[in-house]
Every structure is written in structure tokens, then in C-alpha cells.
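A, B and C label the chains in the order they appear, each numbered from 1.
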């Protein structure tokens, strides 16, 4: 009887630990296959040509992804310009100016926004925002604009990233000790001054984390941007002209790419992968530094 | 004293900082407008084509229906959970019950899980295609999609299960051991049931993610609208992918309706997980 | 200086202060004593309207400072500038020492660096902490010890030149040596300020205050010269509290 119990216990332990190994195996497999399939193309194209070449024209044998890298950076920056002010201000509104009922409604709305699939965001952007942007470009005197591009991409991405910024900022603000607010008020500062000069600076590490996470999301977003960035792989003339970024390039061309073109797309994925790894690793180091310092 | 009197009764100066209140309220209103804009946009345009046939009827080239995508989505959800939940829960049990916190293996698993959760879906799409579709030779198939998605939702299940297990109070475990139960029995009969609400919430959340995922599914499970004859080996678009396909084909009206169905599903899933979240919260308030 | 008339305070349905009538004179130290939860902190927080921050707080009656009724048509930031407060637990901002002190003056419009420098030094000296921190003004205020942090908070309040200083059990979280330093500090401020101090420590009240008010269950049972309260209390409740029979 006891032996049977021991065997069952041992068996269970083996099963559990095997399961745990699975996630390590998964990440290792992903790394192996991305590198194994991504590196050959980089070798053939030449890493300098690949990363710094500004022409992407597979049919002419040109595989430079510089414009796409720049595109990714621009869109991520645009996303932050939209989402950080709106997000942090909304967090301030939720924590400092909203009654309980409105707060609950707002939080539910933000929850749902967080769950809307990216393809729906892309669809909305494509049907509503792109024509609007085209009109706007016309009014502003910018010629030849299609409407799709950084402008719409930033807005859509900004909305998508809002829940992340808002939720983490709300948590950061709520974690600021009440005594700071009291101390500042007792010195004669009005509520708004206290929020700007004391509370927000005290919450800045949490808010900063939210911005980093939002940036990570913006860099990796694919489907929403696929529908609103447009189609040209060249440097855009304005924020209302088509452009491409790393993720969209993959999505648009992967289904029909062959040979070196196909391999190059995987290499783009590899570049993205490495970049995101470095990004999250640096974030962790900064967090550890903050804790110790 | 008179000086003080005058100061106290003087009019309050207007400070620029007061604008903060105005701006923060405007920001919140912008959020609500974005939300309403998207929802109303889809509802208004999606309802015209909404019909029983659209959801359940046979698809034709001229009048596509989403019956196959809906079916494929359900299949993928079921099998993805079938793979990811046991592995995820067992991993979490290993990390919390069987190994000590400082253990190097635990650290490795944590790094692996965190890295996996930070990978964007396009990379999963690439990996899924390169590994499952091409290397293992499965071709574009529901199978490939299922396995890719399992890896994708694994970190969520692991983390949520870990948190739920950790919040089960030790006194329950001690009571179980005190009665002579072994580790396995304690874990399966005492700890897991207590943690089940949190695990269930994570499952609901993962279902939401699977339903909304498109990139990773397009390049693993394919984009066909027809119900495949090869079971899990056949290609099949999910609901989200079907939307993409309809857009690419220029069938915008149908895309609206697919979006409507999609968003209704996602909102229901969201509300369900919030409701569960509330229940979990209440439970802990009462016990603590 | 401070005139409290028929003052009642309610937290939702609970009445925390009942019919308080009190005149606090300028340039004196007035102590509020009494057992826990009987309204001392509540009254002191009403004098600079910090109670406004608490939801569900309602008042009746009036408090006048320099003949201005503070619950009607008052310049609230100016009220709090002139009626400073030191809290039970030191609460320096998570900033440098200099920035903590400069926060108040900056709030009220002082921008010139030379002026701020002057004020910071003066306040730190008044709080008897200048010598200890003069070489590390950029360092975070949170790196100071508890006693130093409290003196820093006092300096911070003094930096806006208040006429009245409210102190809510300022030494209850501190060790005896820091307590002694702060008591000396309070005595040294007397001729420039009006001070109201809430304390649980009767010896402290006896040591430093000119007048004392004894609180019980939201009412002021006795109010008078400190010597009289401690050596010749009129009411039995006061006498019992002083002699340690409860509290």
C-alpha cells in the first residue's frame, strides 16, 4: 500500500516537472528555428546591406530594411505621442476626479477596449480614419497623400495601447502614499499642483513601466497596422503617405514570397525577435537597478 | 492680525495647474468616444447582413458565411486549451509546490515564461509556419494553429495558476498533511480546487486571446472558408482570420458582420472574466 | 487668534466633536490632551480644514482665525499657508532635502533661486537641523532618520512663514532623544508663532504648553492654564485622566 503511494507520488512529480520543462523547450525551439532560418538570408544579403539598405525591392534583389526599421520607430513614437498624454491624464481623471460609479464604468470600457482584436482596430482605422486623414491632408495642402500612414497608424496604435498605459498608471498613482497628498495640501498647494508636482513624480516608475510595455506592444503590432499603413516600402513623404514597418512587411509578403525573399522575411522576424529580447532584458535590468539604487 | 485677516479673505489666485482637471476630463472623454466610435461603427454596419444563415449556413463564393470559421474557432479553442491548460497547470504546480523559490530550474522556467509572453504574435506566426507547417511537415492545418496557440497562451495559464495557488492559504495545506494525505493528494484535492476560480478566469482570458488572434493563425491554420474534410489536418480560417480574408476580398459588408459577431463574442468573454474576477475578489475578502 | 464657536463635526452619522467653544491666544502653546479617539486630532485638523479631504465630513458652527471665518468664503491655499501642520508620522516628499523645503515657497510664488536658498537655510536653522544636513541638501529626504525627517517636516512647514503651527502628536513615533530635540524646538518657536499641539504624552504637555485642553468623547471637558489643569483640575474626569486612572 505504501509502495503504491510512493510510486504514484514519484510518477506525479515526474509528470509535473516534465510539464515545466515544456516552456523551456518551447522557447529554445523558437530561438533555434528563428535563428536557423533567419541567419542564412542575412548571410547572403550581407548584414550591413540588410540592416542599413534603404531599398526593399525583392524582385530586383534589394533587401534593405532600413526604411522598415525607421517605419517601426516612427509608428511606435507616434503611438506614444497619442497614448501617453491621453493615458496618463485619463489615469489622473480616474483616480482623482471620478466618483465610484463613473470609475467602474470607465474601467469596464477600458477592459473591453483591451480585449478588442487588433484586426477590428485595423478595420476601423481603414474604413473611418484613413479617408478622414486623406481629407485632412488635402485641407493641409499635402499633395498625393493616400491617408494611410503614420498619422492613422499612430492613432489606432495609440488607442490600442491606452488600456496598458491607463491601468498601470492608475495602479502607480493609487500606490502613492496618501501622506504625500496630505503633506502637500497642508502647505497650501491646490489639488492640481499636488498631483503634478508630488503625486505624478512619485508614481513615475510605474508610469514609466507602462510606457515601456506600451512601446513593446507598438513595436510588435501587426494586423491593425497592416490595414492602415498602406503599401509602399519607401520613405514616406508625410504622415499621410503610405509606408511600411517591419511587422507589416512580413504579413503582406509572406504568403507569396519564395526563395531568398521568403528567407529575408524570416530574417526580418529574427531582427524583431532579437530587438524585443534586448528590449525586455534592458527593462529588467533597469527595474533591478531601481530596486537596488 | 489685521494683515492676516486680509490675506485669509483675499480672492484665490487662478493657477495654471487648474487646467489639469479640464485636460484629464477631456482625456477620459476621448477614451469613451473612441470606445463608442468603434462599437457603434461595427454595430450599425454589421447588423444589416446579420442573419441565422450568415452564422450557420453554407458558404458560397458570392455570399460567404462564417459557419466554418466559427466551427474552426471552436475546434481550435478546445484543442488549444486541451494542450495548454494541463501543461500550464502542471508547470505552475511544479513551480509552487514541488520546488523551492530560489531553485535554478524555477528561475529558468520563469525566464522562459516571461520571454514567451513578450513575443509578438507575428513572431509566433513565423515560428508556427517555419516549425509546424514546414519543418514537421504538417502543412497549413488546424493542428499547426493549435500547437502554435498553445505555446502562445501557456505563459498566461502558468502565471495565473501560480498566483492562484500561491494565494491558497497554508493552513489548508497543513490541515491536509495533518490528516495524513500525501503531497499529490493535497495538491489535487485541496490546493487546486481552491485555486480553481483563478485558473478558470485565466482560461476565459486565454479564450479571448485565441478568438482575437489573427496573424499567428493565418500562417499556421490557413485561410480557407470551407470546412475541411481532413479533420485537424485540414486548413481553416478562424473568425478573426475570416474577417481579414473578407476585407482582402473587398467584401466589406460581410466583414462588418463578421466583426460584429467577433466583437460580441469578445465582449461576452470579457464580461465573463470580469464577473469571475469579482467573485475571486469577494472570496478573498471574506476569508481574509 | 483662533476662535472656535459652537463647533460640531460629523463623519457621516458619527458625531466626532460636540459643541466645542474655545479661544486660543496668539504666541502661546496650547496642548490638547485626552484618551485616544476623543476628537483632539479631529479638532486640530479642522483648524486648517484638512478634514475637507475626508469624505462624508460635515461641520456646524464656526472657527475664526484673525476674525475671518474659515468655513465661509476663505482663500483656502492662504489658510493652509498660514496655518501649518506637522503630522504624526513624518511625511517628507520623495525628493531631495532642499526640494522638500523649497516646495512650499515655490507653491506660493517664490521663484528666484537666491530667495529660495535663503528660505531653505533659514527654515532648516529654525528647525535645528541645518548643521546636520547642510552638506547633503541634494540627498533624498527619505534617507534621514525618523527624528530628522520630522524636524525636516517642521522646517518644511516653517518655510512658508505660517502664523499658526498645528502639531498632531509630532513625537509619538520618535525616540526620546529626538522627542527632546523637537520639544526644545517647539519652545523656541513660541514667540513667533501660535502653536497647538496634540499629545498623548502628559508630561510633554506639562513641559511645554501654556494652556491645556482636556478632551473626552468629542467634548472639551476642561480648558485652562496648564499648571491649573495638571495640579488643580476642576472636573473629576480630568483629574482621573491626569492621575492615570484611565487613558
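The rule we apply is simple: contacts are C-beta pairs under 8 Å (C-beta built on N, C-alpha and C of every residue); 3 or more make two chains touch, one makes a residue touch a chain.
Given the structure is predicted, the values throughout are model-derived calculations rather than measurements.
Can you list every chain in contact with both subunit A and subunit C?
In this structure, the chains that contact subunit C and also subunit A are B.
Which chain has its C-alpha centre farthest away from the C-alpha centre of subunit C?
Most remote chain from subunit C, centroid-wise, comes out as B.
Could you give the separation in Å between the centres of subunit A and subunit C, each centre being the mean of its C-alpha atoms?
Computed value for the inter-centroid distance: 50 Å.
What is the distance in Å between the mean C-alpha positions of subunit A and subunit B?
It comes to 17 Å between the two C-alpha centres.
Let me have the rounded angstrom distance from the C-alpha centre of subunit B over to the C-alpha centre of subunit C, please.
53
Could you check subunit C for residues that touch two or more other chains and list them?
76-79
For subunit A, give me the residues that contact two or more of the other chains.
Where subunit A meets two or more other chains at a single residue, that happens at 190, 193.
Can you list the subunit B residues touching subunit C in their complex?
For subunit B paired with subunit C, touching residues are 1-2, 4-5, 7-12.
In the complex formed with subunit A, which residues of subunit B make contact?
Contacts found on subunit B: 15, 17-21, 23-28, 30-32, 34-35, 37-38, 41-42, 86-88, 90-91, 93-95, 98, 105, 108-109, 112-116, 118-123, 125-127, 129-131, 135, 151, 154-155, 158, 182-184, 208, 211-215, 218-219, 240, 243-244, 247, 252, 255, 259, 262-263, 266-267, 269-270, 274.
Where on subunit A does subunit C make contact in their complex?
177, 179-190, 193, 197-198, 201-202
Where on subunit A is subunit B touching in the complex?
5, 8-9, 12-13, 15-20, 22-24, 26-27, 29-30, 33-34, 37, 85-87, 89-90, 92-94, 96-98, 106, 108-113, 115-121, 123-124, 126-128, 159, 162, 166, 190-193, 195-196, 216-217, 219-223, 227, 247, 250-251, 254-255, 265-266, 269, 272-273, 276-277, 280
Would you pull the subunit C residues touching subunit B in the complex into a rising list?
1, 26, 65-68, 70, 73-79, 82, 163
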